[in-house]
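In what follows, chain A forms one complex with chain B and a second complex with chain C.
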Partner chain A sequence: MPSTNYFELFKLPQTFSLDVAILESNYRKIQSESHPDRFVTASPAEKLASMQTATTANEAYQTLKSPGLRAAYLLSLQGVTAIDEKNNQMPADFLMQQMEWREAIEDAENASDVSTLENLLEEIGIAGKSLQESLKNQFQHNHLSEATDSTRKLIFMDKVRADILKSIEKLD
Partner chain B sequence: MALLQISEPGQSAAPHQHKLAVGIDLGTTNSLVATVRSGLSSVLIDDDGHALLPSVVRYLPDGDIDVGYSAQAAQSQDPANTIISAKRFMGRGLKDIDVSLQPYHFVDNNNEMLQIETRAGIKSPIEVSAEILKALKNRAEKSLGGELVGAVITVPAYFDDAQRQATKDAARLAGLNVLRLLNEPTAAAVAYGLDNAAEGTYVIYDLGGGTFDISVLKLSKGVFEVLATNGDSALGGDDFDRRIFCWILEQSKCKPVNAQDTRLLLTKAREAKEWLTDHASAQITSILSTGEVVNVSLSTKQFNELTQTLVAKTLAPTKKALRDASLDIEDIKGVVLVGGATRMPQIRLAVADFFKQSPLTNLDPDKIVALGAAIQANTLAGNKSGADLLLLDVIPLSLGLETMGGLVEKIIPRNATLPIARAQEFTTFKDGQTAMSIHVLQGERELVSDCRSLARFELRGIPPMVAGAARIRVTFTVDADGLLSVSAREIASNVEANIVVKPSYGLSEEQILAMLKSGFSAAEADKQARALAEAKVDAESLLEAIKNALQQDGHLLSLNEIKTIREKIDALQANIHAGAGDANSNAIIRATEALNAATENFAARRMDASVSRALAGKNLENLNL
Partner chain C sequence: MAYSDKVLDHYENPRNVGSLDKNDPNVGTGMVGAPACGDVMKLMIKVNDNGIIEDAKFKTYGCGSAIASSSLVTEWLKGKTVDEAYAIKNSAIAEELALPPVKIHCSVLAEDAIKAAVADIKAKQSARATV
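What follows is the complex of A and B.
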């Protein structure tokens, strides 16, 4: 199966800033037509095709909906691998920031302090929003190396957020 | 007797005929079946007018199987052979469940799905559930007048892969074509959403007899998108009964009671719970088999105190689901209550308090799931329905693989929209390695020992290469039923690796086939017994008629003719009275036919004679022609 361009799939321009409402409505339109529920009584071949289309649509939707994954996907379309296990260079100041966050999470978790964790979540959320603004510009001007840095940061921030949520869940 | 020609079911159907499809709510305590007729979803009732079928199966001494109210009524007399709440055992091993208070003789199956020893033999929860499904299938086919094309069967959203697979296997044993396994809260959302033209973000709070689910859904123009789901597949109304049961024992200072009394008091506890929905206190009285008298009074306040930890246990998953959906309480437009246990006032209060709004209760919490499932079944079967319905559901628990050190690496995260496929690449550890084993787990925890083992796969036939050179891509696919399948391929050589699947819980394909076969041979034996009985009845009524005819009109026959008929009568009688082992319905039928043939002329002559007799002495005017 030829790999599908996720932006083309949802009839969206290949840019970082996208209209989430169009993404959602086009996703639903594709699922309305291709979801396996529409092929319960169809032939095995049609069932398989429906399964593949619906699976791809789900994957594409999740990728484009998340700003970090969307940025990494845009880079991959230009031949840039944002997340590579061998090369995860980060600016020193961002590494410091990350370490601070991790320490704060650990302390709050040990102190069973959910409200601090929730504040951290919000803080990182705001930092993420401003990164997304930078990414818009970087992609617009095709500054790929800067965009790669920002994308890595964004994806790492998503991981930190996931860890905070896990900690909160543990304390609940 | 070819007067009534009835065509094979399904074959005479006109091209655009309405296909018979049902939704089945296979509940812990009660089950229901519903269908869409004339565009309306309605629950099908039994001959006595009951919509609910208690999910109780009793194996009777005479080999019969009783399902429903009569089985439920016998539960405290015959607890070991009367299986209640079998749903709690689906896809579970003995170590997963609390065996205290269970009157059954469990069979430990070495970490496989538990079984129960009954007087009808060893039964798996799948077989017990299949009996309930059969009863509902019969009800539906009787009520709808035809064979079902298929059924949508609901499962708790928080059911894992083993529990879902077990449910599907039960349906297969019951002879049902499963159109889809549908999550109970999603089914409820469909019924509620369509009934109320609801749009926006809703929460379904579903506390059943033995399971708790919470689902957050976005409803928009006929699309029901599950944003997150969470729950506890071992928490339900049953647990509230148990709290009362323990309290009764404590209050009346009873000794540990036997299985019969346990069932008796659990029933009393359930009745008290239901009574307290509309009353301030419940009187619980009972005489135990030991002669001890139980007579205690339980107030609403006491009941609330006894069960407050259970109520609190539903709120933790609720918070998780909201967080996974990245939503706050203010974002929720409405909270729909589902499941009989949500009738308890303390539940309604807790939900109202948590969501800061009164829950929605305008649909019957017992029926809403079946009604929604019927709507989905109708759509899936291809019957035109008014609404363009689309359900986008999620996987409730993450899927992962065992890695070095007993840790789990997540492959598919919880709340991912279905269907979903993810691939993971593996490589070999040693030179020339041709096989590797892969352990699939489901759950959120980091350690293998804290997650549920779903299956172990062995990949064989990997071409021998140096360590680390082979690239084996394993693809995990979860379909719209929430069921996992796995395929593997070595990329460099493009060799498809063989996968040997050993389900950790649940039945292997061979076990299912064996059960289907034994079910079939039992059905075949039943059919033969019925055919024999019918043949005997037919033969005896013919013999009776001929003996009478010979007595009345024997003079119409020659001696020779009488002799032939007598021989055929003797032959038929010999066949009827053959020993139990030799009795053969076909032989009886053949002898009956021979006697019929031998008496054909006799019958004709008798007809003539009786007409002459009737006409004798009458003129044409008096004849009523």
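What follows is the complex of A and C.
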């Protein structure tokens, strides 16, 4: 089903701001409706269709759950490719900040310093939220070029946040 | 996903991890990031007066293939001229490490880091030449 719109699949408005509770509950509903246990006695065609539904729902859920991937998906629906593996140009000051955070996380992790990691998590969380706020405005005003730049940055913010959470978990 | 032996080797024993003095006029820094995965890579090269790369260091925060790609290029860069370094292609890195198609972009990132480091040292040198 290549043309499945992820937002429609979960009955969500096609916007960057999203009600995570609705996303979660509609995802679980589709997962349980397409669970293999329900199709034990079904025809091969029905089994295949339910499997495809489950796969698409999983892909859609993973995409919409992550702010960066959600933004990139929204742009792709408008014909804009935000994530191009051949284009690694990012603003120098942005990369510098990413590198500083990465080094600080690494040092704190090596020193088993959970409170520094938690401070960094907060700092990175605030920066990520403010980027998401800009992105919300950029989408609202259809400023797609600015939205593309923000989306590319947001992927890094999501990644560094996920990694710091993993570090904290490891030390706890 | 299964990594090749060469990737694992560089991942487990990365060569030349670290930094050089970024304020040294003979040191060029290349910083790049891949929006496809959020990986960041910093590559630093120290170039002597004959234009030969004497030392190279890297720091990469990302997947095994990105770490291996940057570790490998630091080995390759030493002893090369900056122009030879600039000519290194990602396909050579990908081939050496037997990267699968989904990880080719990690080698692209390493090539971009070399080009950025070379551009930085050239900018520093021409700034010095005009003083």
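The criterion applied here is as follows: the second predicted complex is superposed on the first by the 158 of 172 C-alpha atoms of A that agree within 3 Å, B and C clash if a C-alpha of one lies under 4 Å from a C-alpha of the other, contacts with A are read in each partner's own complex, and residues count from 1 in each chain.
The definition used in the following text is that a residue touches a chain if its C-beta (ideal position, glycine included) is under 8 Å from a C-beta of that chain, and two chains touch if they have at least 3 such contacts.
Because the structure is predicted, anything quoted here is derived from the model rather than measured.
K.L.:
Is A:102 touching the first partner chain B, the second partner chain C, both, or neither of them?
P.N.:
second
K.L.:
Between chain B (first) and chain C (second), which does A:62 come into contact with in this model arrangement: first, second, both, or neither?
P.N.:
After superposing on A, A:62 lies in contact with chain B but is clear of chain C.
K.L.:
Check the residue A:3 against both partner chains and state whether it touches chain B (first), chain C (second), both, or neither.
P.N.:
Once the two structures are laid over each other on A, A:3 reaches no partner at all.
K.L.:
Look at A:168 in the shared chain and tell me whether it touches chain B only, chain C only, both, or neither; answer first, second, both or neither.
P.N.:
first
K.L.:
In the overlaid three-chain picture, which partner chain does A:54 touch, first (chain B) or second (chain C), both, or neither?
P.N.:
Touch status of A:54: first partner only.
K.L.:
Is A:37 contacted by the first partner chain B, the second partner chain C, both or neither?
P.N.:
Touch status of A:37: first partner only.
K.L.:
So which one touches more of the residues on chain A, chain B or chain C?
P.N.:
Touching more residues of chain A than the other partner does is C.
K.L.:
Which partner does A:159 contact after superposing on A: first (chain B), second (chain C), both, neither?
P.N.:
Second partner only, chain C.
K.L.:
So, A:83: does it touch chain B (first), chain C (second), both, or neither?
P.N.:
second
K.L.:
Give every residue of chain C touching chain A within the complex, in rising order.
P.N.:
31-40, 42, 59, 61, 104-105, 108-109, 112
K.L.:
Please output the residues of chain B touching chain A within their complex, sorted ascending.
P.N.:
Contacts found on chain B: 150, 179-180, 220, 223, 225, 316, 319-320, 323, 376, 379-382, 388, 390-392, 416-421, 477, 479-480.
K.L.:
Across the complex, what residues on chain A touch chain B?
P.N.:
So the residues of chain A touching chain B come out as 28, 31-32, 35-37, 40-41, 51, 54-55, 58-59, 61-62, 165, 168-169, 172.
K.L.:
In their shared complex, at which residues does chain A touch chain C?
P.N.:
So the residues of chain A touching chain C come out as 68, 82-88, 90, 92, 94-96, 98-99, 102-103, 106, 151-152, 155-156, 158-160, 163.
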